[in-house]
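Right after this note come the structures.
One chain, subunit A, links the two complexes that follow: it is found with subunit B in the first and with subunit C in the second.
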Partner chain A sequence: MISNFGNLLLFASIVLSLSIIYLSNKNLKLNGNQITKHIFQLSLIQSTTVIICFFTLIAAFIVSDFSLITVYQNSHSMKPIFYKITGTWGNHEGSLMLWVIILSIFSFLFLIYNKNHPKKFRLLTLIIQNILIIGFLFFILLNSNPFSPLSPIPKEGLGLNPILQDPALAIHPPLLYIGFVGSSIYFSAAIASLISNYSEKNFASSIKNWILISWSFQTLGILVGSIWAYYELGWGGFWFWDPVENASLLPWFAMTALFHSIIVFEKRNLFYFWVIILCLMTFILSVTGTFLVRSGILNSVHTFASDPTRGIYILSFLSLMIFGSVFLLFKKYKTENYNLNQNSKETFVLVNNWFMMFYLVTVLLGTIYPIFTDALSQNKISVGPPFYNAIIFPVVVIFLIFMSIGPNASWIKNKFDNIKLYFSILLGAILINLMIILFFKNFSILSNFIIISALFLILSSIKDFVVSKKKNNLDLGRIISHGSFGFLVLFIGLNYIFSIEKDYNMKIGEIKKFDNYSIEFKNLELKDFTNYQAVVGEFEIFNGKDRNILKPEIRIYSNPKTLTYEASIKTSFIKDHYLTMSNIDRSDYYNIKFQEKPLMIWIWLSVIMVVIGGLLRFFKNAKNS
Partner chain B sequence: MNIKYLLIILLIASQSIFASEKQIDPKEVQKNLRCLVCQGQSISDSNSDFAQTIKMVVDDLINEGLTEEEIYSFMSDKYGEWIVFKPQLNIQNSLLWILPYMALILGGFFIIKLFNKKNKIAK
Partner chain C sequence: MQKIVKTIILLIFLFILSVFFIGLNRDTNYNTANQINKEIPDFKVSYLNKENFFTKNDLRKNNFTLINFWASWCAPCRVEHPLLIRLSEEKNMKIVGVNFKDKKEQAKNFLDELGNPYDVSTKDTNGKQSVLFGIYGIPESILINKELIVIKKFVGPLSENDLNYIKEIIK
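Showing the complex of A and B:
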């Protein structure tokens, strides 16, 4: 029953999309700048239909209707209700429904919020967006239908992978999807702008807020994913340059480049085609990421749904998008006149884009290079953290310096009258770094350069805050974002340098000592929970001043039968203590890994502050328009 | 004093500094090796039997006096390049190492070209 209803709604959505395209096309030929009410209504109905369709799927998960393959494969009647609901988008089919929801809601909102732009541009955007929607709906219907029936109906489901049963991972996909599926709207708008020759500054104002919103959510999505990786995967890190992580970072670089260059486009009417290329690139990279993750072409920690046949569909869709965009670009490309001064804000924005493209190329290359070597020479290589650290980090130093100076450059032509001030800021940064070295006695050339440049950015941002507050032209959003990015790099750097990691094999009652720490294995308990059993260890960490009790677990989940290791983390403002425990076969010893991770919570907070900066800018824009 | 001597002294001094740092941290090495039986984990992060064995092998190799690079090439000879997270510098991987910098340099040239273009128009 649910299966039929769901399929019906999916069909209805396709029909609605087709009618929107048909009506828009008809409306395009009419005179006047009016869009008929029917299109608005249809677009609203379409979003509603897709949402109902999604709720139908959620309902099927809640009541554990195992007549649907998707529910059978990803749920279990004994699972807590919260994870039954979030399990809806914790799998490939359900997450695609989320894609379509965001595609259609953004399509509707873009239509109603851009009333003062030309009709042709708005309708074309709507048409392109609906072509995307149809593309994804067909993908769902033909290949990844969440409403595929199963018969005979099984009594029990297979359950959701326990490491996905987690609050952070419940909100991670929606956040991330608003980010990179949201970028579809400026993909569509860019194409519409090319077709309708709508290349004035106003085009910028129609999309800039959408870029900011998708960027903010993308950043939050990446953050939540990292936090999850930190406490759930049990290795104490939060970023592994894993292909799936990279896939979320690629569109992020493009977005970041985009919302900087769009400021130039809006103010000075420069770089139109570059802005368009970035718009197209962002969404194309998002789909590329999806392709890489879902096709199973890459090996990764997070691969939760991979199947080669899906890959072929997404790949054809992707190729169509790329060829279409490239073709259109070549057809419409005109050389622009650049009236650019070497020392101006425009140049600094270009420099930002330059670095973003460098990061993008590096990460993209690192992600897909193994595929090529594998295909060409059957030689599988790994491109891991050492590669990215070696290539990216040295460049970050220069990037941060530009990031500090750039925002204060004025438009068109800039005079540097405050070199002295910057010099003293640099001196201050070096001094603080020196104190860090002296105090903690740790030194490596590159990391110290990174810390100096991060401090330089922080101090410059503070200086900007004070100066612009006096002059009463405070751009709080920018200052917070840039400053917090400096803090982010600083905390990551300090965290990297001052992390402690110790590995021991211990049995109950043993005490291990190092430096001024002692770790005591006090107790071991077996506990029963509703959907798993746990072996809980009790450890006392003593570092001369305070005593912490940490309780890492080994969990045995029954549906599906899996073993997971739960880290025990004691968070404080200065540092995290992180302990994992795993059993060693045929012995009473347990393998203990103790880590001290300084300033973890500040890394998360810095990212949140970066996002807050972006949102402040968004609200400021929204108020002005 | 001739600057040559100063350079030589500095060179010797720097070598002695680097020599004293030569002690290899087994943790670092383990972090740069992939656990082949796990999904996307390093040897250091994994507790599988395979990882335990490799950890012991790494300790042995360090005791035998191998350098970090030698340990990596030992591992990749034995298990294939897949095991090393840092792609080796060879012909096959040359593009991987060079292209990012090429992109950086090209980007810089492109920006400089924009200024030149502007100057021509101004003339």
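Showing the complex of A and C:
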């Protein structure tokens, strides 16, 4: 029953999309700048249908309707209600529904919020967006249907992978999807702009807020994923350069480049084609990421069951998008003459874009290189953190310096004030860095350069705040984002240098000592919970002043039967103590991994502040328009 | 000049996409396409209910054998199960079930619930023997003749068409 209802709604959505395309096309030929009411209505009905369809699937998960294969494979009747709901998008089929929801809601909102723009541009955007929606709906219906029935109906489901049963992972996919699926709207708008020759600066105002909003959510999504990895995967790290993490980072670089260059486009009517290329690139990279993750072509911690036919479908879709947009771009491309002054703001924004492209290409190469060697030479290799760390971090130093001084350059003019002031700021940064070295007695050239440049950015941002407040032209969003990015790099740098990691095999009653720390294994308990059993260890960490009790767990989930290791983390403003424990077969020893990670909470907070900066800019734009 | 640049850009995209395509279809270690018309490998799996071993030689006495890889945790296996039950009525073919990476208790419950189509039930608890057959996902079935030559391999659940095909071959 539920299967038929779901399929009916999916089918109805396709029909609605086709009708929107048909009506928009008809409306295009009419004179006047008016869009008929029917298109608005249809667009609203379509979003509603897709949402109802998604809620139907959620309902099936809540009542544990195992007549649907997706529910059977990803849920269990004993699972807490919260995870029944979040399980809806914790799998390939359900998450594609989320894709389509965001595609259609963004499509509707774009239509109603851009009334000041030419009709042709709006309708073409709507048409392209609906072509994307149809593409994904067909993919869902033919290949990844969450409403596929299962018969005979099993009595019990297989359950959701326990490491996905986590509040952070409940919100991680929706946040990330608003980010990279949201970028579809400026992909569509860019194509519409090319076709309708709508290349004036007003085009920028139609998409800039969408870029900001998708960028903010993308950043938050990546942050939540990192936080989850930090406390759930038990390695004590928060970024692993895993192909799937990289896949989320690629569109992020393109978005970041985009919302900087669009400022120039809006102010100076420059870089039109570059902005278009970035718009196209962002969504194409999002789909590429989806292809890499879902086709199973790469191995990664994100173990969505893979299926080659999925890969073929997404790859065909991707090829169509790439060749379609490249051909269109070639047809419309006109050489633009840039007469930029060396020290103007335009140049600095362009520099930002070069850096973003450099990072993008580096991460893209590292991510797809293994596929190339495997496909072309049958060599299986993997590209790990050393590659990225070696290439990316040294460049960050220069990047941060540009990030500090760029915003203060003026438009058009080739004039740069306050060189002396910047020297004194640099001096200040070096002094603070020296204090850090003396205080902690730890030194490495690269990390000190990174810390100096991060401090330089922070101090410059503070200076900007004070100066612009006096002049009453405060750009708070930018200052917060840039400054917080400086803090982020600073905290990551300090965290990297001052982390401590120790490995021991211990049994109850033992005490291990190192430096001025002692770790005592005090107790072991067995506890029963609704959907798992836990072996809970009790450890006392003493560092000469404070005593902390840490209780890492080994959990035995019943459905599906899985063992997970839960880290115990004591967070304070200065540092985290991080302890994981795993059992050793046939012995009463446990393997203990203790880590001290300084300033973790500040890393998360810096990212949130970066996002707040972006959102401030978004609200400011929204108010002005 | 511009033309050359455009062509190069297109070629780069074409190259990347083709590599993706090849990557999707590349031969992995586990591919069994090349096993068709070849003799099956030597293998040794234990029975589901006892600790004796079942090997290649035990298959020689059957005219045709269908080796079916399944598990209680595999949803498509449920889908194909009624077809296997129907196939088990065929006199000219024996069905050997290989229970793949499963718990004995759950496997038994599965067969009690849905019926047992297997003439011989065996288990491959760690999945290593199945690798010899190139199994990388289940369900998969391999049809072999008396000479132990692989006639056909079915990836994924058996369909009505596969059923007719098998019946046609073993007639």
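Everything below uses one rule, namely that the second predicted complex is superposed on the first by the 623 of 625 C-alpha atoms of A that agree within 3 Å, B and C clash if a C-alpha of one lies under 4 Å from a C-alpha of the other, contacts with A are read in each partner's own complex, and residues count from 1 in each chain.
One rule holds in what follows: a residue touches a chain if its C-beta (ideal position, glycine included) is under 8 Å from a C-beta of that chain, and two chains touch if they have at least 3 such contacts.
Since the structure is predicted, the reported quantities are computational estimates derived from the model, not experimental observations.
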| item | value |
| --- | --- |
| Combined model on subunit A: subunit C and subunit B, fit or clash | fit |
| Partner, of subunit C and subunit B, that touches more residues belonging to subunit A | B |
| Cα-centre angle that subunit B and subunit C span when viewed from subunit A, reported as a multiple of 10 degrees | 80 |
| Which of subunit B and subunit C A:I171 touches, first, second, both or neither | neither |
| Subunit B versus subunit C as contact partner of A:L315, first or second or both or neither | second |
| Contacts of A:I85 with subunit B and subunit C, given as first, second, both or neither | neither |
| Which of subunit B and subunit C A:I437 touches, first, second, both or neither | neither |
| Which superposed partner A:F291 touches (first subunit B, second subunit C, both, neither) | second |
| Partner chain in contact with A:W354 - subunit B first, subunit C second, else both or neither | first |
| Three-chain overlay, closest Cα atoms of subunit B and subunit C, distance in Å | 14 |
| Subunit C contact footprint on subunit A (complex, rising order) | 69, 72-73, 150-152, 154, 158, 291, 295, 297, 308, 311-312, 315, 318-319, 322-323, 326, 330, 368, 371-372, 374-376, 378, 560-561 |
| Touching residues on subunit C, where the partner in the complex is subunit A | 6, 9-10, 13, 16-17, 19-26, 73, 75, 78-79, 103, 114 |
| Subunit A residues touching subunit B - in the complex, by the definition given at the top | 233-237, 240, 242, 299-303, 337-342, 347, 350-351, 354, 357-358, 361-362, 365-366, 369, 373, 377, 379-387, 390-391, 395, 501, 503, 565, 582, 584-585, 591 |
| Sites on subunit B touched by subunit A in the complex | 27, 31-32, 34, 39-42, 44-45, 47, 49, 52, 80-87, 92-93, 95-97, 99-101, 103-104, 107-108, 110-111, 114-115, 117-118, 121 |
